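What follows is a pair of complexes built around chain A, which joins chain B in one and chain C in the other.
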Partner chain A sequence: MTIDEIVLHSRSLLDMKPSQVIKKTQETYPNVRGFAVFPVYAPHEIIHAAGLMPVGLYGAGDQLEITHADSRFQSFICSIAKSTLELFLADEMDGFVGIAFSSICDVARNLASVVSRNTEGIYVEYLHLPQNMASEQSQTYTRSEYERFRRKLAEHVGRPITDAAISESLKLYNEQRRLIRAIYAYRQDHPGSISAAELTCITKAGTRMMPGDYLTILKDVMEQLPQRPAHARDTVRVVVEGAFCEQPPIELIEAIEAAGCEIRDDDMMLGWRLFTGDVSEQGDPLTALANAYLNESVYCSTRHDYYHPRTEGLLARVRDSGAKAVLFTPAKFCEPALLDYVLFKRCLDDKGVPHLKLEFEEKMWTFEAPRTEVETFAESMLFD
Partner chain B sequence: MRTTIADSKDYRGTVHKLSRDIISDWLGQLQAATKTDTKSAYLMVSGNCVEILRCFDILPTFPEINALQLAIRKNSLPYIIKAEEIGYASDNCAYVKADIGYTLDGGIGEDGTIPKPDLIVCNFVGCNVYIKWFEHCAEIMDVPLVMLDIPFLREDEPSKEDTQYVITQLKELIAKCEDLTGKKFDMDRLREHLAYSARAEQGWAKAKNLCKARPAPYDAYFDAINMMGPINALRGTKEAADFFDAAVEQYEHIVEQGLGVVDDERFRIVVEGPPPYPYYRNFRGLFEAWGAVAVQSTYSTVGGTWENGFCHDPERPLESIAEQMIIHNLCNRSMIERYKQIHQYITDWHADALVIHSVKSCRLFSAGQGDMREHFIRDLGIPTLMVESDLEDPRYYAEAQLKNRIDAFFEALTYKRLRSTAAAEAAAAAATQGD
Partner chain C sequence: MTFVAGVDLGSGRTKTVIIDENEQILGMGMARTEADFDIVSSKSIGSACESAGISDDQIEYIATTGLGRYSLDRRDIQITELTCGGRGAHALFPDAHFVVDMGAQCTRAISLRDGGKVKSFRTNEKCAAGSGGFLERISRYLEVSIEEVGKLSLEANDAQPISSVCAVLAESEIINHVSEGKTVPDILRGAHDSLAGRALSQLKLVGFDSPVVFIGGVAMQEGMVDACRELFPYPVYVPEHPLHVVAYGAAILGLRRHEKRTQETAVA
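Now for the complex of A and B:
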């Protein structure tokens, strides 16, 4: 496929409800079933090694009318929580064996309970990913949490999940993450070769495909990128920060780009490209995955790492990507993103890095207002 | 014996006074420490390990209690606004905002009421906001932070790795405290503190269980705050243990006398969620007007669910601290566990209804409470009222609206009761006629 076709294909996958994604996949892999991963991260390799398709569950965007979930979650709760529950209540999760939530925030934790109470026959897992990267026991603990997940998932699918299978999956996902890193890097070196909106579609759709097929797509993209004309415009180079969980609508990304910003780096779909390098393919795969989470993760709002503060992470991201400003895009009501904004803002103000905050929610229909805001912001920078 | 308001106010006063005295004493120590080099550390309330700090004479300080006090004294709003001015969102937990606003305003440190901590101990027990809050404190005040990552209770029991992870982190905290104070850790001293904790916890359990009496001797939501300070902040001291002995004695006496919180205890309720501290008395009044008394509450168990029988064990010091942090407090347990806890309260404490106070600030409590309401009404047939405001931000308290909802709820309950009494009488009359 050409990149344009890939983007179109990706958009069509993003327009599907999760049950439709599984149906579509079953056309090629008749027996496959899905396992949903609520952001930010879960060890996808274990799920894949169980013979399941790990599917990123980022709410339902504007695909679904919220009719039941509003009465369960109050008005001051982020949209991803409500639309995720709605997917279950509206029977849009057919073909899924289960879902994994993790210790990212209070809403996700309670959502795991509410989903499990309102569903039958679905395995709902809540992973306590570590918040202490530096204890002597962190590695043993993290590995044991992955082991617990492996054991329970194996019980649910009724067959063992072997080390060998996890190692095989690890190689696939390593390659996937490596290619995504390479595409991001290529885009930085060749501005305009692929837009952020296009790239986000592709990374997001990747969580709705079998990883092997996704690799083919990523390779196609990588191969064809040099043939795409890079057209550097007179733009403000920015980093997008705060979209690690609920994903901004693609239209918002388009609006940011149309308003004169070039997105150099971002934290969208973070959990699927969390690691700075390859996870070790040597030895025990669960230990390797635990080590990667503890020691080789990109900074993230839902992961405390005392010795590597997020503010330093953001500054490095700005510096390394050559960005001149930061656009904060927290989901409306997202406590981790909104709280992190305070320290980020303080640090950027201190270093003289301009920034702008744009809150979003799933049911956003018009993007004129944020576009104008970004335009004004970008203009003020261009004429500085 | 008929209960009278005069009696009830008197006993409410006694325990309240005892509590106020020991809490004031502790706050006095904090104030004094702003001017000396007494070591102090920040801790969070839920599932804390305050006993470890006591072994090093490190004064424990609780930013949550600071926020609570600002609210109950109706002082929180200016600090919340101050925090919003530096970037906090209107949707962020207002406990954090009030405390940070207070810090920025000079409330912490030499010229304030609370000493600048030497160490920030982040006992991450359930609430993810704790982590952010303490990251902010550490950054703003430039104080080292120790993370105690407590695995959430996601199976019936914690795994041995969960427990070992916590114990190792406790040992790492101990090493930090040794560095900070230059004092050597003494396990026997920890045992002594834990023995005091256990005595207080047994008192807590007895006191909570006394509310099974009809009428209940105190309001287990509004008056429970008198016990929450001592059990959470002063646990591990002789003063707190003595306080509970005295409180239990007092409450037993009240039960023997058959006194209640109000003249006529008409409704026994279980309350879920934190109270609206800025309007504590007003809110209480809305229930008392109906003779509604809380016989149990979930909020009172954020620090520990000791009424179920757990207490710290001096013979298994670190193990029992770890168990307390992982298993025996509301915050580290799932919503589904909370549903069970509430149901048990309603059954064993003979309650008529559940009242959910949904606070915007605290998503740990509130996210999903609509589902809780569904469950209690539809699956369990328990009359349930859900009202919304906030625990810290006075701007979210709309009394007229709350009053309407609460009045309508208790009117309906009254009517329901009248109907069932009438139906029972009619049935009895019919049975007599048939004789």
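Now for the complex of A and C:
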């Protein structure tokens, strides 16, 4: 497929409900069953090693009206929590064995329980990922949590999940993450070669297909990028920050780019490209995964790392990407992102880095207002 | 020599201005806006190149503005019409701190800081009643060409008030005037007075307290200019080519960006 065809294909996958994704995949892999991963992160490798297809569950976007979930959640809860619950209540999760949540915020914690109480026949896992990255016990603890996940998942699917299978999956996902990093790097060196909206479509759709097929797609993209006509416009280079869990509508990303910003780096789809390098393929795979989570992860508002403050991470992302400004794009009511915004704002103000906050929700359908805001922001930087 | 183009892809016309490194206008072009912005802008840029005596590929930088500013693939930058209108008007009348830009679909009142940067603005984007599109509808109804409207309006002896704030309802008022036997010039002057009144309201909201530059396609109508001059409490300046001022502003801003980028590339 050409890159344009890949983007179109990705968009079509993003327009599907999770049950449709599995149905579509079963046309090629008849026996496949899905396992949903609520953002930000869960060890996909263990799920894949269980013979399941890990699927990123990022709510229902504009595919589903909220008719049941409002009776379980208040109006001040983020969109992704409600539409995720709606997917379960509206029987749109056929073909899924289970779902994994992790400790990212109070809403996700409660969502796991609400889903568990309101659905039958689906395995709901809550991963207690460590909040303390610096303790000597963190690695032992994280590994034991992964081990518990492996044991319970194996019981559920009725077959063992071997170290060898996890190691194989680890290699697959290492290659996937390596290619995504390479595409991001290429795009920074060749502005205009692939837009952030296109790339986000591809990375998001990657969580809705078999990882082997996704590798082929990523290789195609990487191979074709040098031949793709690129017209580098005169823009403000920005980092997009705050969309690590609920994902902004693709149209919002397009609006940001149309308004004169070049997105150099971002934290979208963060859980699927969390590690800065390859996870070690030597030795015990669960220990390697635990080490990667503790020591090789990019900073994120859902992780506290005493030795690597998130403000430093953001400044490094700005510096390394050559960005001149930051766009905060938190989802409405996203507590981790909005709490960190206070720290980020102070830090960027101190360093003289211009920034703009743009909140979004998954069902927003008009983008004129944010586009005008971004355009005004960009013009204030471009013209004295 | 440097050639920079400003292209204003408006809802009625697509205007192009080509300038050199001294911000001197070398050529201007225009095309009626159609569905395909690429074709329209090619026509507009082509006619500007012809008047400037250069070929299209000599243009080093293109800044787009207007409604269709995101639609031209080969653009280097897109800039809002507010910013461009302010800069274009300021370049022509440096002492003026207010601009009223009356286009086919939108009227904008802008206040400027020293240097031409936008300080505040008001627009009427939700309704065509305060813009050139309204005059086009009236001219069609009265069976006069839009080019004649400006001069005919000057012949009015008894301007007929049009009080409605809605284009559709205003048309009803005009039908009433016609049925009462009022003359075309009197009705047209009433429409111009109505537009001038709306523009004044918008200008007041941005702190109107000194001369204003009147730009946009409607500023080409003599009767409209006369109505503004009569109503506004401060002088009204009208440039020689009011339709191209926004494109000119885009070209000036494009030139600045082009120079800055060239410097940055040289340093790198």
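Keep in mind that, in the parts below, the second predicted complex is superposed on the first by the 383 of 384 C-alpha atoms of A that agree within 3 Å, B and C clash if a C-alpha of one lies under 4 Å from a C-alpha of the other, contacts with A are read in each partner's own complex, and residues count from 1 in each chain.
As a working rule, a contact is a pair of C-beta atoms (placed from the backbone, for glycine too) under 8 Å apart; a residue touches a chain by one contact, two chains touch by 3 or more.
Bear in mind the structure is a predicted one, so any value in this text is a computation, not a measurement.
**Q** Which partner, chain B or chain C, touches the larger number of chain A residues?
**A** Between chain B and chain C, B touches the greater number of residues in chain A.
**Q** Examine A:T235 and indicate which partner it touches, taking first as chain B and second as chain C; both and neither are also allowed.
**A** A:T235 sits against chain C, while chain B stays out of touch.
**Q** Examine A:Q137 and indicate which partner it touches, taking first as chain B and second as chain C; both and neither are also allowed.
**A** In the superposition, A:Q137 touches chain B alone.
**Q** Just to be sure I read the superposition right, which of the two partners does A:V21 touch: chain B = first, chain C = second, or both, or neither?
**A** neither
**Q** Based on the superposed arrangement, let me know which partner A:N110 touches: chain B (first), chain C (second), both, or neither?
**A** first
**Q** Considering only touches as defined above, state whether A:E379 meets chain B (first), chain C (second), both or neither.
**A** second
**Q** Over in the complex, which chain A residues touch chain B? Could you list them?
**A** 70-74, 76-77, 81, 103-107, 109-114, 116-118, 126-128, 130-132, 134-138, 140-141, 144-145, 148, 302, 304, 306, 309, 311, 332-333, 335-336, 338-343, 345-346
**Q** Once bound in the complex, which stretches of chain B touch chain A?
**A** It comes out as residues 86-89, 91-93, 96, 122, 124, 126-129, 131-133, 135-136, 139, 145, 147-149, 151-152, 154-155, 159, 161-162, 164-165, 168-169, 172, 334-336, 339, 358, 360, 363-364, 366-371, 374-375, 388.
**Q** Please name which positions on chain C make contact with chain A in the complex.
**A** Interface residues on chain C, with respect to chain A: 61, 70, 73-80, 83, 87, 115, 117, 253, 256-258, 261.
**Q** Which of the residues in chain A end up touching chain C in this complex?
**A** Touch list, chain A to chain C: 231, 233-235, 258-260, 372, 375-376, 379, 382-384.
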